[in-house]
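Letters A, B, C, D and E mark the chains as written, and numbering starts fresh at 1 in each.
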Amino acid sequence: MRQEQLPDLTDDMFQPADIDSSKNEEIAGESTGFWKDAWRRLRKNLGAIIGIVIIVVLSLLAIFGPMMNEYSYHEQDLMRAKLPAKVPGLENVGFLGLNGVDIRGVDQYEAKGVDEYFWFGTDEFGRDQWTRVWQGTRISLFIALAAAFIDFVIGVAYGGISAFYGGRVDNILQRIIEVLVGIPNLILIILFILIFEPGILSIILALAVTGWIGMARIVRGQVLKLKNQEFVLASRTLGASDGRVIGRHLIPNVLGQIIITTMFTIPNAIFFEAFLSFIGLGIRPPEASLGSIINNGFSSLQIYPHLVLYPSIVISLLMIAFNLVGDGLRDAFDPKLRK
Amino acid sequence: MGRYIGGRVVSMLVTFLIIASLTFFLMKLLPGTPFNNQEKMSESQIQQMNEKYGLNDPVPVQYVTYMTNLFKGDLGVSFQQDGRSVTTIIGERIGPSAYLGFQSLLIGTIFGLLLGIIAALKHNTFLDYGSMIIAVLGISIPSFVIAGMMQYWVGVKWGMLPVAYWEGFEYTIMPTIAIAAAVTATIARFMRTEMLEVLGQDYITTAKAKGLTSTAVVIKHTIRNASIPIITIMGPMVVALMTGTLVIEQIFVIPGLGEKFVSSIMTNDFPIIMGTTLFFSILFIVVILVVDVLYGIVDPRIRLAGGK
Amino acid sequence: GGGGNNNAGEGGNEGGNAEGGEGKSEQVLNLLESAEIPSMDTTQATDATSFNAMNQIFEGLYRLDENNKPVLGMAADEPKEEEKDGETVYTFTIRDDANWSDGTPVTANDFIFAWKKAMNPDSLSQYASMFGTAGIKNANAIITEGDPLYGKVDELGVKAVDDKTLEITVTQKVPYFKSLLTFATFYPQPKDFVEKQGDKYALETDTMLYNGPFVMSEWNHGDGWTFEKNPEYWDNETVSLEKVTYKIVKDVATGVNLYETGKVDRAGLSADFVDQYKGNEDFVTRLEPTMFFLRLNQKNEALANTNIRKALYLAYDREGLVNVLLNNGSVAAKYFVPKEFAFGPNGKDFREFAPDGFLADKGAEEAKAAWEKGLQEIGKDSVDLEFLTTDTELASKIAEYAKEQFQTKLEGLNVTINKQPWKQFLELETAGDFDISTGGWGPDYPDPMTFLYMFETGADYNRMNYTSEKYDKLVSGAKKETDLEKRWKMMQDAEKVLIEEDFAIVPTYQRGTASLMKPYVKNYFLHPFGADTSLKWVKIEGK
Amino acid sequence: MEKILEVKDLHVSFDTFGGEVKAVRGVNLHLEKGETLAIVGESGSGKSVTSKAIMGLIPNPPGRIKEGEILFGGKDLAKMSEKELQSIRGSEISMIFQDPMTSLNPTMTVGKQIMEGLIKHQRLSKTEAKSRAIELLKLVGIPNPDTRVSQYPHQFSGGMRQRVVIAIALACNPRILIADEPTTALDVTIQAQILELLRDLQEKMGTSIIFITHDLGVVANIADRVAVMYAGKIVETGTVDEIFYNPQHPYTWGLLGSMPSLDTSEEELIAIPGSPPDLTDPPKGDAFAPRNPYAMKIDTELEPPLFKISDTHYAATWLLHEKAPKVEPPEAIKKRMKGMASSKPTMVTKDGERNG
Amino acid sequence: MANEKLLEIKNLKQHFKVGKSVVKAVDGLTFDIYKGETFGLVGESGCGKSTTGRTIIRLYDATDGEVIFDGENVHGKKNAKELKKFNRKMQMIFQDPYASLNPRMTVADIIAEGIDIHGLAKNKEERMARVHELLETVGLNKEHANRYPHEFSGGQRQRIGIARALAVDPEFIIADEPISALDVSIQAQVVNLMKKLQREKGLTYLFIAHDLSMVKYISDRIGVMYQGEIVELADSDELYADPLHPYTQSLLSAIPLPDPEYERSRTRKLYDSEDYAPKSGEKRVLREVKKGHWVACTEEEYEQFMATV
């Protein structure tokens, strides 16, 4: 401290200061709960925000996209089949390829005498791809969310019970998982779809047959760790019932992990549904999921790339978005970053 | 160690038996008969075929017969491929699948580790984001799309690699890339997380305090410790690669097991379904055991615990 | 041979051509197949891939030529015909130079051995009924359970007079008798060798013997196989190809890519690729005698009504289907017996009496009228129908198309698609558990009867509860009728009843296939029944 | 005495979510050859950050040395390149960390971990390094060093692991050893052993030690001089006797008073009320003022300068200013103050000038 | 201090199965705690102190032995209601101020957990009033009620933990190393608070720690544990003045005190349980060598101790 910075030190300044002792324990700033704090972290994570924005936009498009033009997802018109994408306004921006010209350089709109614009082109039935892609997104998302939800319910219950009761219960439940894991899940899923009526419901159930195992494992691990934590012991010494311990202490503390896991389950389910479509076990046409649209277009990948391109972009964006959000949440919930 | 493995083998056998039984009964729920060209068969012919393959017996009897034969090492003969034994069929199919799976795993792991390491070391930089974008794309784009694009551009348009078939090393390149993309992505993400975790450990600070160069710290102390947990995801991945390559096998005309597996389900070729399922289950169980043992070898902390 | 079923609809990947050397073209042909060979035992095989392979390496008494006419194969001459007691005895002489690939002669016993094996309940061929179709004595009885002759294969009307003389006794002369003899089920098998091999017979290349133009030199199950010229073949001078390779390729795009890079000489095309290759000099289409149609299950109250069925028949726009969706040379069909398939006593196409089928000029207008009438008759204003189909890409496309066609044109109709894997599909269809289902049928022999017998009352393939006395009478009459002109007429009438009067089925299209074939492949013959191709005459020229 | 290390006006900050954490805010200290300097202070006061700054191990980002010099052998460590630092770390200056359970790499034998530094700095061959490692293990008192050398950390008990960590730090005979709470995680008996070991080694090798701890008992045991840190600053420094028997800063009083001595009878311990300040926004004036029962108005406005009490004893509190009222330290502290009549404190400016 | 026994522990054993082996964490403890006193339990890490505390409060079911609280056996078969009553009388304060508070609950909810479980408040207002009162008791203020644990420093958290324990008005509190994880300057806050509460509410403490100077300061009597057993037990001054068991001596000689002069002269005594193993194969049992001073010794050693006293 430089001398000239020292002003005159008057006697007065050496009088005892009245320090408000209650201020001692004051905590500055707003109270931040776990969720609020996590949200704050998440907000600072650019990737996660991009992910959230993508999910929101795609979800909105999944809801409203099919209504944005006059075509329905099943309306066929073979006269306008397999048109490439053409978007008003963007049609003149050459490199975007949204001008209705196919890869051989022919303007198909002109060739087929079509005046309308199909933003994502049309498929082999002349159905509007835009409408179908968003319709498909809707179904894919629905399947994924539903499968994730079932995984969540079964996984949390199973893992929670296994860890909470421990001992023999845990042992038996873990053996069961071992066996389930030993059966390649592809066969289980395929058998499931074959035995039940094909359709959205059986796909969801099939995805859920083995899907919950990951969740169960994570919940079990977490609960095992938590149940000997001192705050749980404290609650027990206060005479808390099992229900209370589970509901107030265990679940809220594994919730973060559960959400993260779910975030990764969703893209996996979307992906697996696409895979099932590929081996011909998809949903009933003319309804379509993103997977089945890609699968249908796949055979003409070289000739009509637009049939694969747009749904692929959407599915990839969805996967990326959920992964980004999952990663972001993991960082946001990471206890190591908190004090 | 020996006793530990012994104990594990016993529990593996039990698991295996349960899986075998479960699959058997599940399979019996499959609709339809296993006969080809059923459309041209009359009722009585179907009956005769059922008789011939013992499909008219009550399911429990079939089960006992199957399990007895199984213990004799007899997996039966394929319904679809007249008279060829299941073991022969699996035997001739496993080679390409195993080779492809192994090669993809190797390449995917190497690249995944590299990407993950780079991302972690350059945490929150452009390189980190770049690697993670690659990683996420790797998981996001369906492998058959990657495969189809490659076949067309690399194979046909540029003529750099053979379009399909399984006739030598250059034939394995494209399928390997298509499969390895997802492996790379998964490993890269995992590795990044683990690396970041390890980089924050005290022993890394200790190593730095010794005056080791950053490279030495990363190579000697970080990578090894970060890779250990990766071993655990390798187990399921190995099996997934063996079963899950069917799409790639189809596109690149590779006579592998994955393709056979799915087609046997589609054609109700019961002995093949059972055979392949059991094969995969054994593979899976063994791989898990190997992974656990390996884990113990790589991580000295576990070795002793396991040895008790 | 091979029955067209729904599964076989996609652009098949049989195809072929050869790579040429310098100067004179190298006589090698590289082809694709879409499936594995399930069996090389002529009595056990059931599928197109096996039959096709067998046609190149085995030979029966006859084989099909370029024009699908039976020409002499193992038989040295046309048979002697003797008629007595309403039975006809054909006596065939087997070529002196007909040998198996190990040099042993092909004998009359080899034929009888193989045929009896096919009829034997222990090793029953799924095609055992062909012997009955050919009219061979006792054939039907031997394979009918409960019949006193059941299982007594020695009662089959065939006899080896000596090593090279074979007698076949038929109780009914059928016009397509010789064509049937080209079919794999009628091939011989080397008795001693087969018995020596036991279970192993025909499992690998070294556990079988060949008597056809080629031998199988390599067989990598699941991957492909290779044929080489058979030096022991009696007519090996005609055979040009030295080597033929087959690869199993299930993905159409892969096949096309392989074709583009010169790895194969022939590749099947799917609709999308047709757009790309139409106009290309390699592009070929071919009309096959395989028919696709919809079964309308008359168990369903609405479908029991003729007007409703008529409405469905008329509402379906087949042009869009064949020109845009299939786009592979398929032809819109309002008929059931295919074009360019069966030729009458006068040498004219069966179809000529109604070239474009029935009610060819009627369309959506009439469909609507019939629909309304039908609805009135059943007293409903809406109908829900379940459309059963398989899960292949093409099948679901067609189903989607049909659904849209029906729903947009027929007000009050609601169609639900039930997509099932093939096995499950058959299960449901056989059980009559459907309203509309997709069907396909390919001929087993070159005669309209191979189609028409399907829908007799109670027939195995009449899964839609269709009964018509008139139809039954015409068909059974035609079966017995020996006057070929009359028989022909009866069959044409039957088709008319089936479709124009009863609308029992809704025919949709006659299948075409589009493929690419290298122009240097010459004499590549395709057949409408039996084996798909004959490679015996193929030459590589000007490569 | 020879100053082998001198830290001048060191400022270290971390950029975090909550803003800039000013972890170290102008630390001055020096270390003499062969002595042990103890740094005490409560959690978060910047002890570890200071020592890491000396080692050049502040993680960047988020941390950075904002200002100040760290002079070692005439060179400023704060301005050295990473490469130069690497040649100093482990050979000239080494460090021991708090938790022996986590400071060793679990997948490498302890021998290898000791050898690494030797191979790097002394260019020993593998076999030489190994025999040296065995020697070192023996030196730190590990029985059967020959077999122990090829074992893994998990096969050692906590106390033994800390010995291994010490062996690693001592491998290249460093001139300075920084021990950051090396015994906090250990049992008292093992702690005593480790302290003895460190003292022995210091005697044998003449190493200078910076010993960080918050256990005053340990300080009394091992230190020659003591620096008391609070909120990123050194608030009092002096010889161990000066700090224990003549403490001048109210924070030091608090620290000493909060520990019962074996003869403390029933009276209350002196608790320092409240919690340490938030270093993202350190309070104006004296950071300790809000918790200081003797706080004066000036404390809330002006940061106190260092007052010199003796040649070795300095404290930063306005209480030492001539105008400040004479305050009585608490009873417990008064009891400690034995015959160390304080000479008149003088104010010291930053550059060492005196001010009457 | 009334000499009324609040807690009697008789031959308490707690064995854990770890894989196939058994860890005898607590192996035959016997001691009493009197009403209103602080009983200190010291010993090296892993000797079974925490296990003892947790077994007493029934977080573990004892393998063997009795815990008699207020004349009732705690480990007998009990129904839920009786257990609940018992939970109100005995409470625990934990070691790790970070792990002992549920990070997802507000301070108010944490403190009020006991109130909620036992239905001690009629309505929300009463509950909040009680929470505020408790916060004040432990030196925090109302405003803290709606904050989350991570916003507090270690000392504050520990005080929240104390408030939680106090919420049900217990008679007996087990404090398992309540200050080990805290800063020196903050340790005093907690210790002073505990002493204050004892004075005001007549609480009885079982104080577990390894910091001997603090234990001596706070405890009336101290038990020294070694490998699951008590080796010496005496009044705290007595124990420090005249430690008889060599382990106690070694422990005491190892503590550094904040007094440089003392430190310069302190010499450490070593203890090796194997050297000290009784040769005769006899087992050492706790015997009272002076009034209130118990030492684990053999018959022979007992004679010796008695002789020197």
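Definition applied: contacts are C-beta pairs under 8 Å (C-beta built on N, C-alpha and C of every residue); 3 or more make two chains touch, one makes a residue touch a chain.
As the structure is a computational prediction, the values presented were derived from the model and not from experiment.
Undergrad: Going chain by chain, each one touching the next, work out the least steps from chain A to chain C.
TA: The distance in steps between these two chains is 1.
Undergrad: Could you give the fewest steps needed to travel from chain C to chain E through chains in contact?
TA: Between chain C and chain E, the shortest chain-hopping route counts 2.
Undergrad: What is the set of chains touching both chain A and chain D?
TA: Shared contacts of chain A and chain D: B, E.
Undergrad: Averaging each chain's C-alpha atoms to get its centre, pick out the one most distant from chain E.
TA: C
Undergrad: Counting only Cα atoms for the centres, state how far chain B is from chain D in Å.
TA: Chain centroid spacing, chain B to chain D, equals 54 Å.
Undergrad: So what's the Cα centroid distance for chain C and chain D, whole Å?
TA: From the centre of chain C to the centre of chain D is 92 Å.
Undergrad: Using mean C-alpha positions as chain centres, tell me how far chain A is from chain E in Å, no decimals.
TA: So the centroids are 49 Å from each other.
Undergrad: So which bits of chain A are touching at least two other chains?
TA: Where chain A meets two or more other chains at a single residue, that happens at 25, 194, 280, 301-302.
Undergrad: Spell out, as numbers or ranges, the residues of chain D touching 2 or more other chains.
TA: 273, 275
Undergrad: Can you pull out the residues of chain B that are in contact with at least two other chains?
TA: Touching at least two other chains: 30-31, 148, 152, 266.
Undergrad: Touching residues of chain C toward chain B in the complex: what are they?
TA: 3, 5, 36, 38-39, 41, 44-47, 121-122, 124, 126-127, 129, 144-145, 199-200, 202-203, 220-223, 247-251, 253-254, 257-258, 260-261, 263, 421-424, 426-427, 460-461
Undergrad: Can you name the residues of chain C that touch chain A in the complex?
TA: 251-253, 256, 270-273, 275-276, 320, 323-325, 391-393, 396-397, 399-401, 403-404, 408, 416-421, 424
Undergrad: Across the complex, what residues on chain A touch chain C?
TA: 74-76, 78, 81-82, 104, 124-126, 194, 197-198, 280-281, 284-286, 295-296, 299-304
Undergrad: In their shared complex, at which residues does chain A touch chain E?
TA: The touching residues are 22, 25-27, 31-34, 37, 229-241, 244, 248-249, 252-253, 255, 335, 338-339.
Undergrad: Can you list the chain E residues touching chain D in their complex?
TA: On the chain E side, the touching residues are 44-45, 153-156, 183-189, 191-192, 195, 210-214, 216-217, 240, 250-251, 253-263, 266, 268, 271.
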